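Take a look at the following structure, please.
Chain nomenclature is as follows: A, B and C, assigned in order of appearance, with residue numbering initiated at 1 for each chain independently.
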Amino acid sequence: MTTVVLRDLTRRFGNVTAVDRLNLEIASGELVAFLGPSGCGKTTTLRMITGLLLPISGDVLFDGKSMITVPTEKRGAVMVFQKHLLFPTMNVGQNVGFGLRMQGVEKKEMNRRVSEILELVKLPGFENRRAHELSGGQQQRVALARALVVRPKVLLLDEPLANLDANLRLEMRELIRSIQREMGISSVFVTHDQEEAVMLADRIALMFDGVLQQYDVPQAFYQKPLSTRVAHFFRNDNALAGTRRGDVVETALGTLRVDAARVQQPDGQVLVTVRPEDVRLNPEAGSPNCIQAKVLLVVYMGTHTQLQLDVGGHTWLVHSDADFQARVGETIPIELPASRLWLLPAN
Amino acid sequence: MFDMKRMTLILVVLMMLVLSTTAAQDSDELMGEVPGYATWADVLAAVKGTTVNWHMWGGSDKINSDVDNDIGARVQELYGITLNRVPLVDTADVVNKILDESAAGVTTGSVDLIWINGENFRTLKDASLLYGPWSEAIPNAKFVNWADPSLAFDFGTPVEGYESPWGHAQFVMEYNTALVGDAPPKTFEDLTAWVEANPGLFTYPAIPDFTGSVFLRHVFYWAAGGPEPFLGPFDQAVFDQYAPKVWEYLNALEPNLWRAGETYPEASALTDLLANQEVAFNMGYGPGNAASSILEGKYPETIRTFVFDTGTISNNNFVTIPFNAPNPAGAMVIANFMLGEEFQLKMSDPALWGWLSPISPTMYSSDFQAAVAAFERHPATLSTEELAAGALPEPPSAWVTAMEQGWVENVLQK
Amino acid sequence: MQKIIRWIVLISLVVVALAPILPQFVWSFSHRWLFPSLLPSEWSLEPWEYAFSTSSRVGEAFISSMAIGIVVSLLSIIVGLPASRALALYDFRGKSVIEWLLMVPIIVPGIVATMGIHQVFIRLRLTDTFIGVCLVHLIPCIPYMVLVMSSVFANYGTDLEDTARTLGAGPVSVFRYVTLPGILPGLLVSTMFTFLISWGQYITTVLIGGGSIITLPMVLFPFIAGTNYSNAASISLIFVAPAILVLIFTSRQLGRESAVMGGFGKL
């Protein structure tokens, strides 16, 4: 049970700042996703937590103790890599028992714990298999078992699901989630896939260009993104410029009411946004927050229909019922429910 | 004119004999010239228990074994010297080593003795990288006829006490009686006639190969009617006078040579060609080579040797001591041993070494002379008298270089 | 059926590997073997008797060649292993210059490099010493070791070592349990090639060893140059024996399924 604190963590490679003054806190037993496009600094951060890479400035604290001078092998932060998972010269049992052997655990105890953890990852009795005899998914599970068996303070997973096919990925996701819950290990995994992050993580740290953009529970990235970039990463490009005055926003298409208790932008220039699935089509006559939009494109998606609309010069995406009918070029009324409106900073 | 020369020669020999006998009576005095040692007794006192590193060409198992048994084992018994024979592919390797050591200022190297002659000797002597002078001061130097130009000069370089002879070599032609018959062509005119009648069975090694080069020198001697024009310093006018005849002769030969003269073999390849009966002739500096090659199984039994009616070139094998030899005393003792009666007898014995001696048998005891007279000669080896009658001197190296260059320009590239 | 094909392949491989040695073998027992005879007309044990005599110096040369080869191999590992790892896995200033310099001894004829080195060695009093010969052999040996091993290291990567670190293994344990077993097949093969390069050195040994150190090529090469084929044959068979052993061992290693050996594909 360990809390991890990253304080002003900074790392440069040559002239490139890979991670810039990163601050975040991982609560004990929490599963956090480092999310972002490749090259955003998430793996660099992971390596700094393990000590394989040292920061130029800043600090890594486990349970309030600085880890900067502690070498990797003494930190208790175990990392599972994306490629080259298992030691090729050892069998499964030796792979899983490696960490225990390094700790000097006696043989009998080691064997017991190895077989116990292999059962947990659903590979009972695999001790004597050679690494290259296993499938990709099995190798992944052995690597996970090898990390878990030492009961690490922090478990770090670098794109653990990237090399698996869709079915295995689902299975593995559930396995990681359930074991992590069961054992209560503070964990971080790196991913570039926002769906994976949303489904698996307690909290997501979204990073662009080495800078932390938003650190919050998954829902917040949908309902309360902190910038247009964050909203865009979570597939919301709907925006309408306006000026907030208390609980209304004046826009070119009319005055929109907002929930003052929910939105966080101060009065002044803002961007109004609503997620595509929250826009109401066919509003009842006289509903508040109704505006006119021109239909640009209608795409039938099976479970729903996706519309591209021109909203005051901005292109919006809107999801409607599957059987919604509209003609391209037609102007239709849409309702932006006040309870769903969110305000982004203008630029 | 010729008689005058011979007379002078005899006089000089007599004078040398007188000088060397007096020297033999009191060799201690002559040692004064040798760096580091006042008397021969001093030299002998310094060698017991020492090692001599002798760098020499190591491509013959027979010579390797003979040197170890007939020299190494004996100097161990007689003087307590351990002979460390270092085999070389090419004597130039050790010459380069000495040059490098000198450039780096090494005053004590590791080479004591080198089997050497010609260009390699000149290189070391010109660079003042030799110990000495010593070779005329060692006791057995009294047997050496230092007035003989082939002993006083090594390819035109004055020996001047910086190397000591131990074996004599003379150029001979080897031929296969199965292809040539019993009357080989002993003049260059006859050779041309034979080659025209038997195309493809004669060639000589590509120059600047050592052996090909000496064959070329014989053609020059033939063209000039003798070696005399080439024994002085190099003279371009003299060279130009005779060279056209040489090129004309060799170019006329070319179409009927082995492979129509389109390519010339290396010396070692020519040896193989004769052994395999692809050609009828080989050539080289070893008068005993044919006999020992037959005995070793390298040649068929039908190989014999001859020398040209106008004679063949002879030279000597020497040993020298580099300036930074760690054990010059031991090296001198070995060189001295090799000039002694015991070793020269073994060397002259066709059943043992089968070499020619650089020393006239008359210089040694009557026992020696009797033993030499009783040697049974292999039918492939010519008698010492036959060889000595036609022995010709080597020209200075400058002539050799000019001849080799001329051949490349006027024969090879024609 | 498949077994038969395997045997045919195996036998033809052995024939191809041994074919060049066969005439040597016949030569080494021949006394008279003249063209166009298919076999020697007179046989003899003399070449072998000579090879085993003290005069041939084959025995002592074999021992010093072996001793030098082993020391050179060990030194190549000590110097070459960290260097090849650095070249394979890290970027640093001047890396391309070092890579280029490493190729130089392979491209430049040994004699050219050795002539310069000779002067340096003389000043350092390393000529005519055992260790001097070992050091000069390192010049052609280390590039091969580094080129092969950097390819092996590049292929092996650092992920497994990093994994081991996070699992609690210190640097020594990482090397012992993860790095070394992983690179071992490549290391064995490159070490043996290094040994063979040292084993075959002639001119470097002549210049630096200068007669105080006698190695097998120094005894053998004069016979080859002197077209003394029978003696050259018996000694060269002794000379190639370790090479054949190494070849057999290496082909077994290369034949094994090993991810690490994939690095040889780059060469």
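We take it that contacts are C-beta pairs under 8 Å (C-beta built on N, C-alpha and C of every residue); 3 or more make two chains touch, one makes a residue touch a chain.
All figures in this text were calculated on a predicted structure; none of them were measured in a lab.
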With chains as vertices and touches as edges, which is it: line, ring, star, complete or other?
line
Which interface, named by its two chains, has the most contact pairs?
B-C
Distance between the CA centroids of chain A and chain C (whole Å) is 54
Using CA atom averages as chain centres, what separation in Å is found between chain A and chain B?
91
In angstrom, rounded to a whole number, how far apart do the mean CA points of chain B and chain C lie?
39
Could you pull out the residues of chain C that touch at least 2 other chains?
none
For chain A, which residues are in contact with chain C within the complex?
47, 50, 52, 71-81, 83-84, 87-89, 98-99, 102-103, 132, 146-147, 150, 156
Note: in the complex, chain B contacts chain C through residues 53, 55, 57-61, 64-65, 68-69, 84-90, 93-94, 96-97, 100-101, 103-104, 106, 109-111, 268, 271-272, 275-278, 296-300
In their shared complex, at which residues does chain C touch chain A?
157, 159-160, 162-170, 173, 177-178, 181-182, 257-260
State the interface residues of chain C toward chain B in the complex, per the touch definition above.
30-36, 40, 42, 44, 47, 50, 53-57, 115, 118-119, 122-123, 127-128, 202-203, 206-207, 210-212, 214, 218-219, 221-228, 230-231
